[in-house]
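I have a structure here, written as structure tokens, and I will follow up with some questions on it.
For clarity, chains are labelled A, B, C and D in written order, and residue numbers in each chain start from 1.
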Amino acid sequence: MNAIEPVTLPGSNNPDMTDHVSAIALRSKAFLWWWIAVAPAALLTSILIGSILYLFYAGVGIWGIDWPVAWGFAIISYVWWIAIASGGTFISALFFLTRSEWRNSINRIAESMTLFGAACAGIYPILHLGRPWFFYWLFPYPNSMGLWPQFRSPLLWDFFAILTYVTASVLFWYLGLLPDLATLRDRAPTRTKQVVYGAMALGFRGTSGQWRHYHALYGVLAAIMAPLVCSVHSIVGLDFAGAATVGWHSTMFPPFFIFGAFLSGFATVLLLIMPLRRLLRLQRYITTRHVEVLGRLLLTSSLFVGYAYIMDAFTTYYGGEKAEITMFQEKLFGYYAGIYWATILFNVLLPQLLWFRTIRLNQLVVGLISVGVIVGMWCERYTIVVVSLHRPRLPSSYGIFHATIWDWLTLTGTAGFFVFGILMIVRLVPVISMFEMREILAPRRP
Amino acid sequence: MPPVNRQWRGLDRLARDPAFVARASAEFPQLAAALAEPRDRRSVLKLMAAGLALAGLSGCDDGAPGGVLIPPVLPADNTVAAGSRMFATASVLGGYADGILVRHVNGRPIKVEGNPLHPASLGGTSAIGQAEILGFYDPDRSRGLIRDGEPQSWSSLLTTLAAQRDALGQGAGFRILTGAVTSPTFSRQIAALKQRYPEMRWHRWDPVCRDAMRAGAVLAYGQPVEVLPQLDAVDLLVTIDSDLLDSAPGHLRFARDFAARRNPARTDRMSRSYAIEPTPSLTGVAADHRFVVSPRDLVRIVPALAASILRGETPAGMPSWFAPLAAEMQAAHGRAFIHAGPQQPAEIHALVHAMNEALGGRGATYTLIGPVEADPVDQAASMRDLMADMQAGHVTSLLIMDSNPVFTLPGFGEALKRVPFSMTLAAETTETGGQTHWTLPARHPFEDWSDARAYDGTVTILQPQAKPLYDGLSPHALLALFQAADQVDSRDVVRQTHGLTDGQWHDALATGVVPNTRAAVSDARLKSGAAQALPPRPAGGEVTLLFRPDPHLWDGRFANNAWLQELPRPLTKLTWDNPLLVSPAIAKRLGLANGDRVSVAVGDASVVLPAWVMPGQAADCAVALLGFGRTDVGMVGQGAGYDVYPLTGGGGPVTLRKGTGREVLACTEHHDPIFTDAGDYVRQGTLAAFKANPGFLGGPAEQPSLYNRKPTGPAAWGMSIDLNACIGCNACVVACTAENNIPTVGKQQVIHEREMHWLRIDRYHEGDPADPNILFQPVMCQHCEQAPCEIVCPVGATVHDQEGLNVMVYNRCVGTRFCSNNCPYKVRRFNYFDFAGEERRPAVARNPDVTVRARGVMEKCTFCLQRIAEARIDADMANRPIGADEVKTACQSACPAQAITFGNMAQGGDIAERKKSPLTYTLLDDQGTRPRVTYEARIFNVGSDTGT
Amino acid sequence: MAAIFRPTANIAAQVVVVGLGMLIVGGAVWWWAWPRMDYVRHMGWTVEQPVPFSHQHHVAGLGIDCRFCHVTVETAANAGLPPTYTCMTCHSQIWTNAALLAPVRESLANNTPIVWHRVTDLPDYVYFNHKIHIAKGVGCQSCHGTIQDMALTRKARTLTMGFCLDCHRDPAPNLRPADAIFNTDWHRTAETPSPAALMQHYHVGGRNLTDCSICHR
Amino acid sequence: MTLIVASFESETGLIEALPRLRGLGAVETYTPKALQGDDRTSILPLVVLIAALLGAGAGFGMQVYANTVGYPVDIGGRPEFSWPAFVPIAFEIGILSAMLAGFFGYLIVNRLPHLYDPVDEAMLMRGATCDRWCVSIRTDSPDRTHDLLRDLAAEHVEELSE
């Protein structure tokens, strides 16, 4: 398979597609592989719940964070997840605006990824707090103390950004789901499914009015989602750039973080669609073309990120601030140097293989590169948070950070929760946006 | 459970101890009730607080635990129902007294301050003195009479003593063992005892003693005179392995006098000081020149120095600095002073006496006084006799007070077994107490009457600060019981000694000094032989092993004091441990890194302990720190560090071998010990450069900024820290801990870098590891006007008030820790666990004017906001502005050298003056944070210029 | 009959939608109202005490000055609770064997304090200081309400941070002439100096009373 | 009144049919995707725009009020009215209200949720969400409608009495 297939294989048509896709959601018994996949995911999810409960009981002291390195896994993983989440929005919103046909068959998966990526990210800021039960103090509610949150703090901007992003993603996802839910309602084999999907479809019947407003609105919302996701990531970048801390105080962070979001987003989408198209027999609609396109996007964004890394080094030495240079040396050759170089390898060097068409078409290699990118992005955040913090301006406050078992359990726990969520989506709703596919498929069987 | 340090478990154990519960029920009804049904330690502590309140500690009561108010039955006499008062007393170490005032809040002792009227203190305190209040509240303090492990009643003690009185007869077998004593009352009682038991003997033993100095004085003058330096009159100070500013009696006063001549911006006659020492000391670090010399060379160099000064010889084979120094000393005739430390042999002291006389210092830079100590003896000799008699069975009854020989003197435990009747009087559980027949709980100095003399002989009356927390016996009462059957009130005993009128007595109590008790100036003449004294050459061997007291645990008596255990040692920044300090050369030879185990053998005695590389230590030297490794001690000191006393007994060559494995040591500094550019933080220069351009180290006026909003309150608080005065003694750190209810976190958490000190003293080594330049810099919240921490807090938990304070509102903090990230000075501390709740001291011991911080909130230096608030209210009530120097922060008032100045800059005063100093600079001024704390750069008066 | 839902389903759906809407609105209202309710603030609650002491009787009835019992109110942070001794100064003469007063007599006899229960209990991180408020002309009633009418002492103000801030933002209305501070039946009259004049007189307004460091340490 | 529902096999079929059917009564189409050539505009974009502006304005206003009137505090020596710092939150609140307005606006303009509709009774409606192009006519003249639909080659026709 080294000739690139079209967006949909020849002979694909609407009825077959509709039958096939809705059958996946409506089948009475789940696939065996589904059960095999869901078991560990569920286990990890329960581990997540367990470690959260213990955290609330014992306090953030159970983590590796200390005096100079006061931020740790919670923030690293938060940034990591929110970046993964954004990838989905880019595909569903940005490429909707560009009317790219290939997007129609994968935007449902991408958006679901956004949903659960954002959910995982959303947990962390609360876990991170020393007194999590007071997290609502970040919200400007009418309190008897006459107090307000401190609106100049990037963390507060972040709080609002996440709030908006999660809500918007859910609404956008659900809106996009309405017509397909209607389809499921009308094809549901059992009464229960009829009622459930029927209720969720809210009575969408595809009347002329419903369609007219639908397209008007969907376009507008897509046009909103695109800047929103950029703002969310700029603000996450500002959580760091807004501080005077060594290694953080850089005007480049907002775009830098957006590049990172592209990269990890595309990588995760690739990792989801490549197995799913096989397991769910979707090769007709998610073709090697998709893999190829995403491969190119992955390469492009990796070049962006590479540029950011170079500028990072350049500004440090060009700026010539002593503390910055000390910290950067430490980053390159110090205790944590391995993690920095892993970042470079996974995020910049390996993706360069994608210049070759044959590589782009080799799904195994593409998969490995994507995994590398996701690991690399985590390492990047580890470097930004830990390495920067462990070399503050005064040598007397130098320090070191070692993660504890609880750090790792929480991280893997959220990973499990993410997979669990995706599997639920696969089981319950159409993994391909059927009504959008109809735009590009033959209306009738040949 | 969170990994909490062992030391917290104590009170639980206590609560389960039936004996304690029984006693408690007698003293504190609620407490017993609480202990009866199991509860969490916190509530027990609360009730203990209530119990202590009932026990009479607290007159009135604001916010008593459990939402109840407990007014006294009778109006509390002469305690102000609320607010604070000071009561004078003294903190005694090695017999010598430093005057202190104890602050009482709501009628209970809360904090130790210096006594400005006391000659040895002048308002300053030592770290140990500051920590004494914690010792007073220590739940581990020994309570109840024990005989062979069985609890006893007071009456049984009285009968036993009655039997003793009869049995002792002429007192042939009766021995009393104490530490060095200056108490007039005590010696008076001993004298009386000697009348009753003519043949009794009084032995003295301190593991850290000043025998050599005494012997040196006898060599030089034929009598044990003591030297009284006038450091503010000294232009040229030469110290030889000296503890002048570290721990010598009167060191607080010396630090003050020394500092008075150290800042060229304030004195036009900056003194110059040379330190000749084998291992870094505070005295050496404070000097302009520090010469690293091994003891084995000292015994060569000092006589040579004497020769060239006394007889004008020019010895050969001396280090390069020798000739210039000798010349300079001669040039400074009448303005120079030489001081040698207690670790040096008597002969060297004799030579130093001779040199001081020859340099015409006597009467100008120092005076001689008669011995301050009561009936001074050669402790080593005195102990040899005692041990011999004990072995021989001549000792029938032995009374041990304020001494722990079983721990500090190898072989004593064995000898003790042969004594038919032995009795220990100790405030804390000690190894000795465990091995004598009787163990009596002593009253804490804050609980009973006594007296003591200062380094210059001045007498202070020690008065009780509170009713005894646990019933104990005062040494005076015990001696009296050996004297006669009738029990005496120690107050009367003390009072008899001094024969003061009521008026004088009350003045003495109020001022903390008994007037006209200064020791008379001695007119002893120098003996001719002094100048010829020749010190013995120390034993050979490639390693010289030195024993030094731990700067904070001293000889081990403070091992159960968590504040002192967790206080980073001034030069190593180590807590909770006493590794062997090895010179870089030794480390290189044996391939030792910090923490590597090493085995030290002296003759047949040997100890295995971790090593720590000590820059600036003589190549052949290894230093073992005494005082750790206590075995029979409270929960805090249990198993902290290593006992090196066994080595002191061993004779023969010293051998070091690298052991296997490495230990993690709780050090609070994690940077590469050697620095090339410490000057970025601790600005420093020479006196010559200063004279050329006084402002050469001062920072630029103010970084330009987009924001020019300034606090506009009626007061403007500011602080200035003089790095020329700071000797790194840590008194300020403990004072801060005590004043602000700062919890200790234990070794494990210190290793996790979670120590809580609001005020830390940064220490930098600069240059060559063999002989580095060592610098100190106290760092606390800088109270920036453009505070980076405030911008990033999402809930506004840290904001600015209009008087320029960066206030931290604990109860608003949700714990994002962003403020700490964004603090360039990293002065913020976070409660990763419920450190305050896990503290072992009772809640009443806390300062009620300071919020106790919960788990998950950030905290930091507040400029002692509670003191500011008090002054603010007083000023407002009088409708006047707050005076410039009206408020003193805890660190400021504790500093013996007056390195820290704080005040209301709006009203001028000292603070405004110091801020004007040309040496003033702000830390990390490139950050444009505009701190309210500024530093005065360190100036070295180096050899090339005369400085006067 | 092909339809999945009955016509009633539409009504059901609308009910659900409206219900959700009301739930959200109601929740918001509750969030706002709850901390402001007197019930939550224990306003007007009386607390079980060992002795049913009546301020009404002693203050309004006998006209005893506040400072007779609360001796340190002018000189210290806390007003001070009277020692048993103070109670007995009178009650050794009158009501000498009233059953109600038995606890007081026992307290003196066995030298065991009376344990009173707090009526107003500020959090430990709030440092209220009586003497400065008295000195600046704030009357007892501003925070303790009409104490002279309380047969059993009860909490009369919310004592929320908002309550404190209201006065710290604008102290004037709560200021009284110096001689009226302990006068429980004082009322502003024609000849009372104006609030502004009182602010002047007490030199209030020199500092920003809403700084955190005023109350929190 | 009778309700007649018919389905066509192709989109074009339905489009051609519509103008002729309109004469007979109220016509509504049910299609698997939007019909071509329906160029009427929607009010929703305007609603979303207004909501966004209002939300952002309110958000900005709240921050200004809190920092200048509500409880002004000295935060790191920054001015009370530091408007640049207020922009991000204002923006986010604007977006949030836009999303909410858009979504609920859609439900309102389409009277959703609308679970039951008489046309649901028609079996052939089940194809409308897949590949059939359905139309419903409320007419007084069912016969003519039937004839016309037959001429238009409607795939299926169902008549539902109301």
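Everything that follows uses one rule, which is that contacts are C-beta pairs under 8 Å (C-beta built on N, C-alpha and C of every residue); 3 or more make two chains touch, one makes a residue touch a chain.
Given the structure is predicted, the values throughout are model-derived calculations rather than measurements.
On a Cα centroid basis, the chain most remote from subunit C in this structure is D. For the pairs A-C and B-D, the larger set of C-beta contacts lies at B-D. With centres taken as mean Cα positions, subunit C sits 53 Å from subunit A.
Between the Cα centres of subunit B and subunit D there is a gap of 79 Å. Here the CA centre of subunit A is 57 Å from the CA centre of subunit B. Between subunit B and subunit C, the centres computed from C-alpha atoms are 47 Å apart.
In subunit D, the residues that touch at least two other chains are 71, 73, 75-76, 78, 113-117, 125-126.
With touch defined as above, residues shared between interfaces to two or more other chains in subunit B number as follows: 788, 790-791, 796, 799, 801-802, 812. Counting partners per residue, subunit C has 4-5, 13, 212 as the residues that reach two or more other chains. Put simply, subunit C touches subunit D in their complex at residues 1-10, 12-14, 17, 210, 212.
Against subunit D, the residues of subunit A that register as touching in their complex are 14-15, 18, 140, 146-148, 150-152, 156-157, 160-161, 163-164, 167-168, 171-172, 174-175, 179, 182-183, 185-187, 198-199, 202-217, 219-221, 224, 227-228, 231, 235, 238, 435, 438-439, 443-444. Within the complex formed with subunit A, the residues of subunit D that make contact are 9-11, 28-35, 38, 40-42, 44-45, 48, 52, 62-63, 66-67, 70-71, 75-76, 78, 82, 85-86, 88-89, 91-93, 95-96, 98-100, 102-103, 105-107, 109-110, 112-117, 119, 125-131. Those residues of subunit B that touch subunit C in the complex are listed here as 54, 60-63, 67-76, 80-83, 713-714, 799, 801-803, 805, 807, 809-812, 849-852, 862, 865-866, 868-869, 872-873, 876-877, 879. Considering their complex, residues 141-147, 185, 194-195, 198-199, 202-203 of subunit A touch subunit C.
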